[in-house]
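By written order: A, B and C. Residues from 1 in each chain.
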Amino acid sequence: MLDPALLVPALLTLGVFSILYRENPVFRCIEHVGLGMAAGYALVTIVFNGMLPRLVAAARHPGDMAAVLLALPLMAGIAFTALRRNALGTLGVTIAAAIAAGFAVPGLVQNLILEQMRATMVPVGLSSDAGFDSLVIAVCVLSTMAYFSFTREPRGIRGLAAITGLYTLMISFGASFGYAAMSRITLLIGRFLFLLRDWLHLVN
Amino acid sequence: MLRALTRPLAILLGGAAILVYFVPHQAGQWVEARLVDWLVLLQAAALVAGILALIRRQLARVRSGSLSQRIYPMLMLGSMAAMLIAGLFGTTAATAFGALYGSVLQPIQASMLSLLAFYMASAVFRSFRLTSAPATILLISALVVLLARIPLGEQMIPRISVFATWIIRGPNVAATRGLWIGMGLAAVATAFRVILGVQGPSGGGRS
Amino acid sequence: MRISYLGLLASLSRIDRRIIYLLVACAVALPLLAASTTRLIPAEESQSFHRAIAQLAEGETVLLAVEYNAGTAFELEPMVVTLVEEVFSRNARMVVSCFDAQGVGLVEETIAELAAASGKTYGTDWVFLGYRPSAPGVIISLATAPYAVFPRDHRGNSLSDLPLSSSLSGYADYQLVAVIASGTTAQDWVIYGTGRFHAPIIVGLGGGIGPTFQSFIDARTITGLIAGLRGAAEYEQLAGRPAEALRALSAQSTAHVLLVLLIVVGNASFFAARWLERTPY
């Protein structure tokens, strides 16, 4: 219980939980220490693990075409981190955005559009459970998309589809809320297990 | 000169990034590896720029605020500096960097996120209301899933798991599928706008 | 008399938030003191998740992509622990990549402990690549040119010097891809990874985004799915390794029941207050 390796984390945990009682400077101090350390940790990881190994490898083979080509993004990256808008920095951002966008296009078309459409276009019917479920899903998918169609006023069959889409979305959001609640509670259980088991040894 | 190059370069590199997916040739893979190399380095630079912006903002707060207002940004900068200095001497668990992470940052991060459970409970008590038909449907769906995902709920209402599974595999799949398809279409359109320079830093006047 | 009951009910809406916090704390803490485990009926997606790992043969290689930090560790670490134990017990090999800059130390420590307990050697049975920025870049690189982004592993070894990683050239070297993620990395794997990797992809997710991935199971974009503590507990049971997730489920149960009661009482109180406002006496 008095082992510093457990006492410090336990006191920090209790310090964070103190905000539940009321606003206090202890919580604010811990909050800012956490933010600073998180930024410092991320900076070290990004620089030492994310950038340096590749740059060192490139520096060891300066004649290599791949290493030479790395000079442009490196300069653009340095210009970008200068935090003032400049042409080289803008070039770096543009290159990164264009490459990321280009890489995404085939996957978006294949996995978010075509595969999802293929999974919807399956035999439907009222005679079997599977056929009926497929029919419900197909109708609800179309209705959900109709709900987000704003080109014309939703009247008649369009209005009915939009309402069905809204209710479908609400069912889905309800399910997502249930899972999100589960997730938050799980994280709290983790902290309580630390306090009760690891620190106070009240739980085996 | 550089500004004139920006848009053609975006079209060239973005177009190449699309095409290499369909070219299993070694040359295509070499180009893909270079594009990935660039992307990783530039995104790392973007993350570093973000953290530098945070440092600048905190320095400005230290300079401008009163003594009581200076304490928190100073604490933030001090703890960041401690982590950076510790990181210079190694980043494994056995180093000071690892010890600071394990005994200070880890409990703070875990506790901060776990606070959300308390706030969520308070919010559902005060704001989750049966005030309209869509809200009622959302609430019923949430209640069913909340009870069905725990052993106690399955014991109290035996058929609730079947209903929850139907919600997850039926309407939930339909709604998310509609959203994924819509997101996919919008993302493809945006990707082409970025590559062609209609949107983003090289065009449209926005960055 | 009826009015006074309603008044009492209506007054509950003004209850101090700290009482609700105390109820939440009790609902979570008390079941932990009297811990018990129950048997679950695993979902089809959890069974597919487990089956994909159970089918691994000796010497096959798993690519494990992990994205969590200290904040979300308790939800996802049980998944990683069971998965790594199962993979090692089948004498399969593992390449691990971390997608969260703030989770690198945590992930390496966890897997190193499990590897030591299973008697596995670093470099031969498993390799930790560490963290690199840009999830899309890393995913594409792992599929086609791993050395472009990872010239060295997290410990500074050259990948071409380690027996396991020296044999890696891309997607064809992996028999299974497992993604355990709390954020958008799983979505990145769906968009960038599924077309490039030919191996089946299984996904373990934080509860918040779990239901949104069900449509990828139906579309067969991913093979298996476990979400949240419930998913982790089902997987522990299927793997025959009951641990943290199954144990925490009792506390999860009481907390969920409390949430349901809060919703019901909150609404009853709201409508009671509204009825009293509209009633003239």
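The rule is simple: contacts are C-beta pairs under 8 Å (C-beta built on N, C-alpha and C of every residue); 3 or more make two chains touch, one makes a residue touch a chain.
These numbers were taken from a predicted model, which means no experiment stands behind them.
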Quick check of your reading of the touch definition: is the inter-chain graph here a line, ring, star, complete or other? complete
Relative to subunit B, chain with the most remote C-alpha centre: C
Taking each chain's mean CA coordinate, subunit B and subunit C are separated, in whole Å, by 16
Separation of subunit A from subunit C, taking each centre as the mean of its C-alpha atoms, in whole Å: 13
I'd like to verify one number: the distance from the centre of subunit A to the centre of subunit B, where each centre is the average of its C-alpha atoms, in whole angstrom. 3
If a residue has to touch 2 or more other chains to count, which residues of subunit C qualify? 21, 24-25, 28, 71-74, 101-102, 104, 132-134, 136-137, 140, 148-149, 195, 211-212, 215, 218-219, 228, 230, 252, 255-256, 259
Could you tell me which residues belong to subunit A and also touch two or more other chains? 20, 38, 41-42, 45-46, 49-50, 54, 66, 100, 103-104, 106, 108, 111-112, 116, 119, 172, 175-176, 179-182, 185, 187-188, 190-191
Enumerate the residues of subunit B that touch no fewer than two other chains. 21, 33-34, 37, 39-40, 43-44, 46-47, 91, 101-102, 105-107, 109-110, 112-113, 117-118, 120, 124, 139, 142-143, 146, 149, 168-169, 172-173, 176-177, 179-180
Within the complex, subunit A is touched by subunit B residues 2-3, 5-7, 9-11, 13-18, 21-22, 33-35, 37-49, 51-56, 71-73, 75-84, 87, 91, 97, 100-118, 120, 124, 133-135, 137-146, 149, 164, 167-185, 187-188, 190-192, 194-195, 197, 200-202, 207
Any idea which subunit C residues touch subunit B in the complex? 13, 15, 17, 20-21, 23-25, 28, 38, 40-41, 43, 69-74, 101-102, 104-106, 108-109, 132-134, 136-138, 140-141, 144-145, 148-149, 155, 195, 211-212, 214-215, 218-219, 228, 230, 249-250, 252-260, 262-263, 265-267, 270-271
Subunit B partner, complex, touching residues on subunit A are 4-5, 8-10, 12-13, 16-17, 19-20, 28-51, 54, 66, 69-70, 72-74, 76-78, 80-81, 83, 85, 87-88, 90-106, 108-109, 111-113, 116-117, 119-120, 133, 136-145, 147-148, 165-182, 184-185, 187-188, 190-191, 194
If you look only at subunit B, which of its residues touch subunit C in the complex? 21, 29, 32-34, 36-37, 39-40, 43-44, 46-47, 91-93, 98, 101-102, 105-107, 109-110, 112-113, 117-118, 120-122, 124-126, 128-130, 139, 142-143, 146-147, 149-154, 161, 165, 168-169, 172-173, 176-177, 179-180
In the complex, subunit C residues that touch subunit A: 18, 21, 24-25, 28-29, 32-33, 35, 71-75, 101-102, 104, 130-134, 136-137, 140, 148-152, 154, 156, 190-195, 206-212, 215-216, 218-221, 227-230, 244, 248, 251-252, 255-256, 259
